[in-house]
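Once you scroll down, you'll see the structures, which are given as structure tokens.
One chain, chain A, links the two complexes that follow: it is found with chain B in the first and with chain C in the second.
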Partner chain A sequence: MRTGMLNWRNYRYGKWALLLGLFSIALYVSQGASPAQPPNGGTWQGYVLGTIGALLILWLSVLGVRKRSYSSSAGTVQGWTSAHIYLGSVLLAVATLHCAAQFGWNVHTLAYVLMCLVIFSGFYGLYVYVHLPDRVASNIVDRDRAAWLEELGKLDQRIRDVAAGSDAQLQGMVLSALELTRLGGNLFQQLRANDRSLVQEPGGGKPVSNAEQSVLIETLSRRIPDARKQSEAETLSELLSLFGRRQVILHLLRRDIRLKGLLKLWLYFHVPLTFALLAALLVHILSVFIYW
Partner chain B sequence: MHFLVRKQTGRGSAEALETEYEGNRLTLGGAEGAMVQLPGLPGVVEITPKGADGASLRARGFRFELDGREVSKADLQQGVALELPGHRLELIAPPAGFDLALRLEATATAAVNYGGALELEQVIWSRRRSSWLLALLVLVLCLVVPAVVLFEPELGARLRSLPLPDDGMWSSGPLVAAHRTTGIGDDCQACHTEPFKMVQDEACLVCHREVNEHVDVTVHPAQHFSGERCASCHREHNEPQALVRRDRGLCVDCHAQPADWPDAEGMEAVSGFTEAAHPEFRLALLTPRGPGGVHGWQVDRVRALPETQRERSNLKFTHAVHMDVDKVQDKLSSEGLECASCHTLKDDGEHFEPVTMDAHCRSCHGLNFDSFEPELELPHGDLRAATVAMEAHFIREFTDPVLRQERAAKKPRRVPGKRDAAGSCEGSGLECGRREAMSEAGFQFAETGCVTCHEVTETGMQSIHDRWYVEPIKVTGDWYPHSSFDHSSHLSLAREQGRNVCETCHDASASDQAADILIPGRENCLGCHADNERVSAVDCVSCHVYHEAGATPALQARGHDTAYEPAGSGGE
Partner chain C sequence: MPLDYRIAIVGAGPAGLSVAGRAAIYDAETGASTPSYVLLEGHTTFAKTIQKYQKGKHVMDEPGFLQLRSEVPFAAGKREEILGAWDNSIGGGLNVRYNAEVVGIEGEKGNFTLRLASGDSVTAENVVLSIGTQGNPRTLGVDGDAESDFVLYTLDDPEDFKGETIVVVGAGDAAIENAIALSDFNTVYIINRRGEFSRAKDGNLNAVLAAINDRDRAFHCRYESSVAAVELPDAPGETGAIVLNTPGGEERLECHRIIARLGTVPPRRFVESCGIEIGSASADAVPDVDRHYQSNVPGLYVIGALGGYPLIKQAMNQGYDVVEFIHGKDTRPADYPLLQDQFSGLPYVMDAEDILELYQQRVPMFKRMNPLAFRELIIESRITVSLPAEELARAPQGGERSTVFVAAGEPVYRNGEFSTTFFTLVEGEVRLQLEQDGPWHQIKPGQFFGEMSLLSGRPRQGDAIVERDSILIETPRRVMVKLMNSNEEVRQGIDRVFIMRALQAAFRPAMSLEELALVADQVQTCQFAAGEVLFTEGETGDCLHLIRSGTVVLSQGGTELVVAQLHSGELAGQMALMGAPLRRNTATAAVRTETLRLGREQFLALVNSEPEHISTLQGELSQLLQYTNSMASQPEAARSIGFLMEQGMGEATNALVIDTSLCVGCDNCERACAETHDGISRLDRESGASLASLHVPVSCRHCELPHCMKDCPPDAIRRAASGEVFITESCIGCGNCETNCPYDAIKLSYSAPPKPGLWSWLLFGRGSGPGEPAGFTPTAESKDVGKKAVKCDACMGRPGGPACVRACPTGAAIRMGPDQFVELVEAR
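Then we have the complex of A and B:
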């Protein structure tokens, strides 16, 4: 659990957000239950809540800029992130009170929905930032991905070398297993981390699934007892251990791709939706005054 | 066709794996449908035999380098190798039974290539790109396209008729049902005439031409109302809908503090509907101008208990007698009279049709004036017509010899309370007729007849036409002109009161003078409707309206802009 951005400076921004939330509720309640003018964005309280909301959205969007300006001295990025989380959460209350929970098929509700999508994708981002880094670290054990890939490359080369000493049928199978190994892929393949590796079995036909190198490992272990020569048995054993190691590394890499993908994916929604929200916010404000 | 693919294996050794394929053409690639699986190839390669020992190659999804150029097609010849990404490919002489043979050799180094991207960035649109796209999409669909209606009304109208985004998406909430009509509900600019300007009164008055201001601006200081737009009170696009204010604030915001309105004469503090919060009702008393109302009537507003006031209608009448079944019965049914025998509610549910001599009184109080011809009656409501009718009748009776003879022979019908007319007379027809007319007139105006219900003054003049003056009757039709009341909804009281429901509020049986004011005052309403009664509390607007009937028409007061004149009309 990495909660530094949540309890930064003893929940300073959490308290700020709480105060802002309470202030917004008080403002909303002060609209009263007048039948002459039901609470909404058109009362003076509604305008105040709307202005607070719009300024919050603008400020929250600036986190992306602050993150990139490494030389900036305007607070630490961690402090900014902490404020971003808490003030972003309270924005949900501010905006809902601003519109008095009145929705319709219009650009105003579009802005609200986009805002909710941004905030909820942010909640998801917060969840993965809190929980996933530990899992990434424990999965990849002190080495980076490039190191694991390098080992895999060497492993494959060794397999090719060793397999050269075996019969053509097994060699064909081994090489096809190397060639038809699948890692990564498109978005969903990266995130699902399903092993789509294949192997070409002797005798032609369509390649079959070799998930977790199981077909190869099974074939090799079945053939070891039947080895007629000492050298053949040695070759088979070495291939078996090489494929065992290969299985471990591939599995680990798949998990790594999946976890890193999940860590980054939410931002691919959070950021573009933020820009859509900024556009919708502009239209919301303009349109309200065009047809005042 | 039969294909043979020989894959070179190992490192430089001559070992090879041969695989046979069958089909129209040979496909190679990383995709799952490819016959020959070649991981790392960015697309699919199709090879079709061509000529005796050649073949054509076509790459789909990628281009490769051939002689320094990027191409997607190439011809293959035996003995000439082609370099594809990660693989070398060469046609070889097909063994017997094969149409085409191919040798494949992996050229990729030990670098791992498993046919898939390992980073998210490689397979998803960049954040910058999707940010731009989404933001522009929102701007175009929600701002640029709808804004067309502001600049190109005709194009805008077409836009609205098509399932395309239009300015309707700028609406902040639903319109009330009455405004959801063609020409308003589908055209924002029917009301929002100018961008960035609040809805102007002229837009409302295009349709609501009959609406009045709150007061008569020629009497009351109009400047107090000049800053208030129609939309200051009538707020559209609200949820819940609140187009018409019914809240107490509509009235008491101003009326609670009369001191703030020094110009408003007679304004009393109102802050609710209790004895303390609402003043006594103001009666509209008709006061005759000149003796007997000879110069007409004026309405005086008097804030007082009704029972302390007298109505000066010049009518002689008593409800007590007419409602006593022993004294007055319905001619047809012989039952006692009911309120509804004379009083008919108007369609407004508040006021009553006037009680008239012809409709309600004449059946009992007939105006017959000659006991020899009892079916003849005087006209009502016109003094001169009545005296002329009497004179003409009697002159004719005594001048025409045949009539005079018949009359002398006839026996008059005696009617209690009526004068016995003369059957014969000494003198000329004119003299006799005039004498008889004068006698009858004296009886009608001074003893019974007109004088039963009317105040009659004797002038002392000689002429039959001028000797008596019947004072006109003016009965109050609207006691509380600044409030409304619904009699029909109060008939629910009949459940408890039965036929006497009217007397719950109007104590008519006990009234023995026409001058009694039977209209109830504030106390009567407070019994059920006071704020603190919690039985049936009412709002100000349950009884009062903001746009008073007698106030200045808004169209006149608010400087009607001719630009809003509907085409073809000629103005006010």
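Then we have the complex of A and C:
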């Protein structure tokens, strides 16, 4: 396996995180269980765990800065990300032990929940980062998106030229299929990758769905056996193969848009939630010092 | 019959103008009533090459170390300013004749006749040829084809024309690109003499066919058509016409403009027709001239770009000096102070000109060289003197171009260092290794070394140590290449020593140099274009190849399955001579490659002289075999290497590869590149080829023999000792490197506006954020300075290494040389 984020420097930060986790558990256990002072953020152990947790959160957030400090020679972004992942995960344990699972409807628990959301969005992001790149690469088979779009453009041009030799009815349908093809759209549509392409059927009426170019492909294949003239059959079968290719390319592009969207989407949760967390954390710490 | 002029100057570029300027001063001094010289210019105005620069281009006055010596002014500045200043000089009374293309020169010193295209002729005692190297566009060859508003031979900006009917004549890349660009706003006809566009690049071929078939585009083609006549418009702004001979008969097309792109006629044929000899067939060979710029035809002088001096200032200085020489004054050339400076640290009291002569006599290979070429070689070189350590501290510190002092007993270069300079020893002694930790050889005065890296572009093999009181000439590769291209004797001299040393390094023969020379003479030098096959699997072989430059790949069971790559200094096909004669694999040149081909006889002569070395060779061979076998058993890995080689990575030394199984497409690499390089990314992550999970983005690979360094007029592209190829401040933005780079890794760009700091963006939203946006509008100042070439410098000198790699969150971006490819593909 190639060195990715997880096995960076032979799992260096995985090992660190493991040690930190064990240390936190030991600290927690050392609080004992006296009814006078139950384990929570109030013991000295709780303070230590809380301080570690807060520092971790701060440091985890600094990744956003490091990632953009392009001249920085403080380690590589890859190393930072590797540490971020492991130490971010162990934070879940550190913070839970810190609060000893005492929850309520207050700002303290809000901070905890926000932290969990950030962490779980991080888990999801990690999953995406690990699994999607291969799928992106195998989907677009060694070409870039621009190259596919170019082929699509040429294909459409060819379809227009060939369709010019067919009857007006079919030509109208073909052209409407080209025109009413939908790719991309808003974020939600991009991610669903639902084919919203339409086609105008002969005889008027509202355009109907032409998802995966199916209406066109079906119409063409149905008409080929009925073709009267050799030339008509040729036109129809060429159109059929062109639309077949079109279907493949559109499908692939839609998937590409979807996968690349997924690779970015989670950061739109992870990062804003981080800011919310930092705010809640500040309030949490201040209120503890003021009211305690 | 008295002659018309004392001096006829052909070509009113910077060189020719400078000649005229100086000749005019002589006339003024003698109070001549009619000019004693004429400046003949083929174009409608002066300095055609400079007129063709893009508008507003910043013209540089490199080389900075050279003083201008000319009556005509020149200093770095905008194209318009410089042309304006020259126009003033001409207005001040220079005798220029425009539209006077010279098509033939006959006669001899004291009596030359220059024939003009118009049929006129001019007589003169001396002729100065300063026609540059740009050549002249091939014309339509019919009446009315002279360059005018109606008939154009170049196109500066397609957007200058809108709503017109334009006929583009030609079927090459320039014609196609112009025609397509024009068809955005005009009706275009493209006239092709043949039945297809076979001369065009693939991209252009597809584009022109698409444009012709595109119904929405007013783009028409006439195949198998030639131009029969041109009808000029009656008044400016009206339409004229072009008459074509088409397969269907004559056709008249009314049009606003004709743009003919029929290629250029290089000046070589014309120059040779004047009786001037050009020593070598190579395309960039220059005519041989003496110290006074006089060619082999007495009275016929060659200066400027045509004489091999590619910069304006040099051209102008020569223009001044040549008039002095013609007037019998042996003035010291403008570069004399440079020579003095270079020789200033030498331990003798002698005039610089005499040292120059002495040194030329010391080195057998340079002895018969033309003195002007030798002078140029010295001016471009560094003179190095070795001193014992205790004296070194006391040695005077000169300027950048004065004598360099080094400590005796220390290396002038070390094994593994990237440098391609060529050393000539004029005094003292140098100890030389031909491979890492190899035996030492002695270099004596008059001998040279460093030719291995010069020819192969690979890092130095072994150390070179200079003993005390030695004097060395260190010459840049560019100068040596130019010299080898124009001087057959030097080329052969270097080749011969190269072959002998290569054989010594590879076989360690125990032979005298004379015996070795005999073997070397029988060795054949072979050249292979990328993709050409050296030998094929299954055939019987009777020779081996010692790679001199380039990369050879061995494949087994199909050329895409690469089982080994071999670089210069390594052997290919030795198996056939050392074991079974059947070739076990196919050897293909991955990039342009040169090899030394050894037959069985030469091989046996070499190895039998030193039987002890045979076991070493066999050891190496068995290692290679083990290695190829292991690769052959991993077809996926072999295919990946084959793919990388196909992308030209065989000549890379440091290339960016992206592992697509890790890449999340965040483009942080591009941003990091832009942020650390004045706002302009030098890599394009998404474009470029991919196979399996490897992607080779468009970015510089720091080639062994960088194509971009080939013809850079100010020598602005350099290679650091650690291997990075980079562009210095002296870039003049001519675009040669962009054209020469086969990997599209160089762009011409305006400088980007400075960015606000990260915090002021984060906190105050000032300016654009890090890495965004990719596009920018250049400021007026940066437009003034003009575009310059930008490329990757592998983050030379940055702590931590390349920013693109350091900024990748997932470890997908990797930089490596060919040695690490195997590790890369095997690891998956």
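Here is the rule we use: the second predicted complex is superposed on the first by the 289 of 292 C-alpha atoms of A that agree within 3 Å, B and C clash if a C-alpha of one lies under 4 Å from a C-alpha of the other, contacts with A are read in each partner's own complex, and residues count from 1 in each chain.
The rule we apply is simple: contacts are C-beta pairs under 8 Å (C-beta built on N, C-alpha and C of every residue); 3 or more make two chains touch, one makes a residue touch a chain.
None of these values were measured; they are calculated from a predicted model.
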Partner chain(s) touched by A:65 [first = chain B, second = chain C, both, neither]: second
First (chain B), second (chain C), both or neither touched by A:157: both
First (chain B), second (chain C), both or neither touched by A:29: neither
Touched partner set for A:248, first chain B, second chain C, both or neither: neither
Which of chain B and chain C A:129 touches, first, second, both or neither: second
Contacts of A:260 with chain B and chain C, given as first, second, both or neither: both
Chain B versus chain C as contact partner of A:5, first or second or both or neither: second
Touched partner set for A:137, first chain B, second chain C, both or neither: second
First (chain B), second (chain C), both or neither touched by A:81: second
Common interface positions of chain A, toward chain B and toward chain C: 145, 154, 157, 160-161, 260, 264
Contacting residues of chain C [partner chain A, same complex]: 210, 213-215, 659-666, 668, 671-672, 675-676, 686-691, 693, 695, 758, 769-771, 798-800, 803, 805-812, 827-828
Residues of chain B defined as touching chain A within the complex: 7, 9-11, 13, 15, 17, 19-20, 37-39, 106, 110-112, 114-121, 123-125, 127, 130-139, 142-143, 146-147, 150, 167-174, 188, 192, 195-199, 233, 235, 238-240, 242, 245-247, 249-250
Residue ranges of chain A touching chain C (in the complex, touch as defined): 1-5, 8, 65, 67-73, 76-78, 80-81, 128-129, 132-134, 136-137, 142-146, 154, 157, 160-161, 260, 263-264
Chain A - residues contacting chain B, complex: 34-38, 40-42, 100, 102, 104-108, 110, 114, 145, 149, 152-154, 156-157, 160-161, 164, 168, 171-172, 175-176, 179-187, 189-190, 198, 200, 204, 207, 253, 257, 260-261, 264-265, 267-268, 271-276, 278-280, 282-283, 286-292
